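Okay, so here's the structure we're looking at.
By letter and in written order, the chains are A, B, C and D; residue numbering begins at 1 in each of them.
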Amino acid sequence: MSTREQRVVDVSGLPTVVFGPRALLWWGTLGFIVIEGFTLVLAVASYLYLRQNEFNWPPGRTPNPDLLIPTISVVVLLVTMYPMYRADRAAKEFDRAGVIRWLLIGTALSGAACVLRWFDLLALNVRWDTHAYGSAAWMVVVMHATLIVLDFFECLVLAAMFVTGRAQKKHYPDVSDAAGYQYYISLTWLALYLIIYWGPRVL
Amino acid sequence: MSSTEARVPAGLLNPAERELMERTWRPRGGVWGWLIATDHKSIAKRYIITAFVFFLLGGIEAFLIRLQLARPENHLLDPDQYNQIFTMHGTTMMFLFGVPIQLAVALYLVPLMVGTRNVAFPRLNALGYWTYLIGGLFLYVSFFLNTGPDAGWFAYVPLSGPQFGAGKRVDVWAQMVTFTEIAALTAAVEIIVTVLKQRAPGMSLNRIPIYVWSVLVTSFLVLFAMPSVALASTAMLAMDRLVGTHFFNPAEGGDPLLWQHLFWFFGHPEVYIMFLPATGYVSGIIPVFARRKMVGHTALVLSLVATGFVSFGLWVHHMFTTGLPQLGQSFFTGASLMIAIPSGVQIFCWIATLWAGRPKFDTPLLFVIGFIVLFVCGGITGVMIASVPFDQQAHDTYFIVAHLHYVQVGAFVFPLFAAFYYWFPKLTGRMLSERMGKWNFWLFFVGVNVTFFPQHFLGLMGMTRRVYTYLPETGWGPLNLLSTVGAGIIAASVVLFLANVVRSLAAGLPAGNDPWGGHTLEWDTASPPPPYNFAHIPVVDGLYPLWERAPGAPVVTGMAAGKRQVLVTSVMDAEPESIYEHPAPSVWPLIVALAIGVTFIFGIFTPWAFLIGPALMFTPLVMWFWPKRKEPHERSFAEEPA
Amino acid sequence: MRRPSALLAALLPALALAACGHRDLSAVDPAGPQAARIADLTWYLTIVGSAVFVVTVAFLLYALWRGHRRVENYSGEAAERHIHRWIYGAIGVTTLILLVTLIYNFTTGRALANFAEPDALTIRVTGHQWWWQVQYVDPVPSNRFETANEIHVPVGRRVRIEVQAADVIHSFWVPNLHGKVDLIPGYTNTTYFRADRAGVYHGRCAEFCGYQHARMDFLVIADPPAQFAAWYRNQLRSAPPPADSVQQVGQQVFLSTRCAMCHAVRGTDAGSHVGPDLTHLASRGTLAAGTLPNLRGSLGGWVLDPQSIKPGAYMPPNPLKPDELHALLSYLESLK
Amino acid sequence: MKRTPAPPHLRTLAILALAVVPAAGCKSEQRSFNETPPGATAFPAVQTTDIQAGPKTVDPSRGAYQENRWAVSQGSTLYEQFNCAGCHSPGGGGGMGPPLNDAEWIYGSDPENVYATIVEGRPNGMPSFRGRISNPQLWQLVAYVRSISGLTPKDTWSPRNDHMQEARPNRAARPQPQLP
């Protein structure tokens, strides 16, 4: 193949650190959000499917779930979105100090959410092996709990990277992806909270 | 590819840079190199070989079943062994061979066909393979310890529940599903991101090869189908059997039908996960052997997408006899019939291409023709059982066994063998023997028909599925014996295929870059391809790059030879957007996979494993992402300290 | 459409094979209106399906033959349009066939569903692990009785079967009379059918339910109304006292050893419903859910060692001394 | 490998070799359909006190059913079928009959003792089932009864059955010393 007038497309000038849908990792995070989100959708669908078999929900002498602690944990999770948003903005400006400050605040809040989640489980007022209602409620809340714990450790490790100075420029987009993941977790918990804790009272 | 002229035009790699690139991308040798490999070709080759070993094991189990059923009142297997073996046959073929091999072949071919150097997330790819391997080994070690699952490959509750599913057998099945589901999901995410973001410049959406389209649609199916079985098997059935939850306990509000809904919501898309890549192979092979462009490229792509969507809407046709309301069942009959239309479109386009082209009858095309014949028969019996009244007679009988094997062996294994014969030269650099290939095809084709066509009549004569024996006066003896003979022919054909592979690895004809005159990018590089696939990433200017390539077509330059760089392009028109530096090979995915293994294997015996396991996983996961300190001169901009 | 099975049986010899099994156990040899409707639909689907298969494969072979003889490709703008016209035609025909099939399915489905009748003979069938408990649920409580593995129905009268599962999922299927219906714990499904000609129709369990799923058959015996009424009256009667001393000893063995722990014989102290009701065991055609013919030899073999015939069944081996066994068999054979 | 139909016993041996590898896992999953459990034909030597001359002689095979998961599961089905639940309540929590899920054993908790209790019956209402229940089923019942209070290995316990949940098996009770 003659190479005399070999036309070339020179890409040496392209950036190596990009944010949002231009970056591969953004799509990877979106992929896992879709998987986990659809698993939660199916878990809630199973919860509502099991509801058809019962006359009253929760069945028998099981009391309604408490509202105090779960409401606090919803607020905490919603509030966590703000520091993560600021960390995202700081990451886009490659501002290391800003990222460290807001990321640590976000990590602390999501840690608090993890602790509160244990009390959310107790607030269900039912053991998982009492009947189908207990099993389904525990399944939904525990599955979301795994996501919060995952998110907490992800933010913790990211924060550790930036604090110890080992973080590189390519980790800034990871911060904005972590922020996106946090928005997803907080909003899904708001929806699950309404279904699991208010559902028995309202629906 | 670049000429050996002294003066190399601006930007092209001179021999010194080429040698540097060779060193940068070359995977490390030895066992350690094997454990830390992240090159998509070495992982995918392993994946294919492992899946094929499970195919052989599944085949042996199938032959044991046929031997037991060869004559009435046979005492080769007692009921306990028979239940374990038919469950292992179904589970192995569907979970350990079906889905994995389609994703494995895709992981090998997709980067080559879209013109990039590696899959999007190479370490995640390694994790996927190791998790799959651990799951498969775990299932087979349990089977040899007499703890193989024995409630059928879809393990209907309450037979698989805590009271009637004694011992740890069904737990083994439930956790094995988790392993294979993690592996499939990781592969699906990688394929989607590779196809959307790493295509060669110029490969806009309407220039993506059909095989890549079929694998993209399959990956979206995996994304939305696997969670359903993961939820049903791990989060519900395993918990029912471990900590006494009541998801499926009818006395405490649970519902056995919930299991069937969740399982088949995954089950039917799963068979399309195995079928769509098979149509991709066929649509990739026919133009090459008909020596003509495919008729109705857009029609084929749209029918792939349509099949993908509709496949989520027909799972209830597995549950027509459970007493669901009549109106609901009619909707699913409609959906089940509707899905026959896109399949019809594909068949018509294939036949039209063969008619308008000049077909050359090599082994790949023989397998494709065999596929079309078997698939039309399987598709028609599928339309038959889509009707509720007839399904009430045919459900859970050997009519269904015949249909599913016509559609699985005919429409999935035949195109897979066509793909083996077609892409084997690219994987190994050697041609498979055509003479043995033709024998392999005809034995397989005759074997399948002799084995499974009589089973249609057995089904209508009342022979139900999963029976370990039957009475002589049922009159099923002769047809079952005939079916066993057919199974022997299939076994001979598979042994012949193995001989062909072994012989050609040792002394096959060297294949060169493009033995068949293909039109997709993978035939543009050496076979087996170098670790970096393309020295210069090609620029694509048509749907059939190699057939329509003008001399001196442009290539991409300007990527550093000393770094593992991959070009990231836009989703719609594949314009270069950025350069992404791939992580180096690493052992951490293997360690994380082992930690996952510990979590779910001990999760059978104690719920605490679901706390200790993730704790074990924390360190390797951190080490997986922890950045290495780089020397200033080695660093690129992305690796500058934050 | 008159049932053309005779004509078509000759036309498609392979499929005819399915109609002629030695026993009445075939989905294409209907003995009732329900199975007849499904059989007609089966023939329609088979014929149309075979036709489509033959036509498609013919097109394929023609395409290969035509293509193989071609010197250069048939391509270009006009060629593409010409090919597309053929493909649109083929898609149109496919969609039309599917539509007709869909409509035919709906009509058959609705006809099958509207077979209910308030005063049909009601029978409750409960599936156990590996046998069928049959209870005739008459509006008058005193006309109710229980039997096992055999259902007698009067010819020409509609029968309503209510199915329940006692343990795992089973499936009630009598191919000659109607499609199958699953027995699911927590649900009561119903199915209606009618036998139009007298005969012994074999039924099977069609959902995998454990070790002995393969040997969980039952019989549906359609009797003329008079014969059915006589059978019904006989079933209502409890077992007569033993006629001679050997049967006396047999009854003693039955009551004092393991039999009474699981089996009930109305008219004696044995009242456990763990296993099948044996009050009229001798009147049944088969033993062990359709596995053995009801002869003295097979009954003896079954009582002594059921595990070698149905391994995994709940009935334990009963090592009896020969005279005890002889007496027990005589007693069981007196339970007409 | 292509199987040529070898003589039947050879094939069965091959399959057994394929399926049965001598390891702990397989013994507890063994389904023994038609052979009576070893050491169960003769009436076991029963010991009601811990005082004895010389070491405690134990028949090693009597544990065969105690660790077998299928035997415990069959035992739970027989527990309902033979109406033990009538007096001891479905979860073994006790009713007219004494509770079976605690560490309190009036007549001893070794397998032979429980076997003797069922076969001979006990005063205050426990009927004798001698000759009424076959030996394999008796040993399965013994295995299940001892599993209610946690005397059989942990992996033989089933967390629930498919019925209403009454008495939750109180496996926290202090179990007797495990089998040697």
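Operating definition for what follows: a residue touches a chain if its C-beta (ideal position, glycine included) is under 8 Å from a C-beta of that chain, and two chains touch if they have at least 3 such contacts.
Every value quoted in this text rests on a predicted model; they were computed, and no experiment measured them.
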Comparison of B-D and A-B by number of C-beta pairs in contact, larger one: A-B
Chain of greatest Cα-centre distance to chain B: D
Between chain A and chain C, centroid-to-centroid distance (C-alpha), Å: 53
CA centroid of chain B to CA centroid of chain D, Å: 45
Chain centre separation (chain A, chain B; CA means) in Å: 30
Centroid distance [mean C-alpha coordinates] between chain D and chain A, Å: 48
Of all residues in chain C, the ones touching two or more other chains: 167, 185-186, 311-312
Where chain B touches two or more other chains at once, by residue number: 78, 80, 158, 164, 240, 243-244, 246, 249-252, 254-255
Multi-partner residues of chain D (each touching 2 or more other chains): 31, 33, 77, 159-160, 162, 165
Which pairs of chains touch, using the document's own definition: A-B, A-D, B-C, B-D, C-D
Complex contacts: residues of chain A adjacent to chain B: 1-18, 21-24, 27-28, 31-32, 34-35, 38-39, 42-43, 46, 49-50, 53-54, 59, 94, 96, 99, 128-136, 138-139, 143, 149, 153, 157, 161-162, 165-172
Chain A-facing residues of chain B, complex: 1-3, 5, 8-12, 120-121, 124, 185, 188-189, 192-193, 196-198, 201, 223-224, 226-228, 230-231, 235-236, 239-240, 243-247, 249, 252-255, 258, 261-262, 265, 539, 551-560, 567-568, 570-571, 576-581, 614, 618, 622, 625-627, 629, 636-642
Partner chain B, residues of chain D touching it in the complex: 1-3, 5, 8, 11-12, 15, 18-21, 23, 25-26, 28-31, 33, 69-70, 72-74, 76-77, 154-155, 158-165
Chain D contact footprint on chain C (complex, rising order): 167, 185, 256-258, 260-262, 274, 305, 307-308, 311-312, 314, 316-318
Parts of chain D lying in touch with chain A, wherever the complex brings them together: 159-160, 165
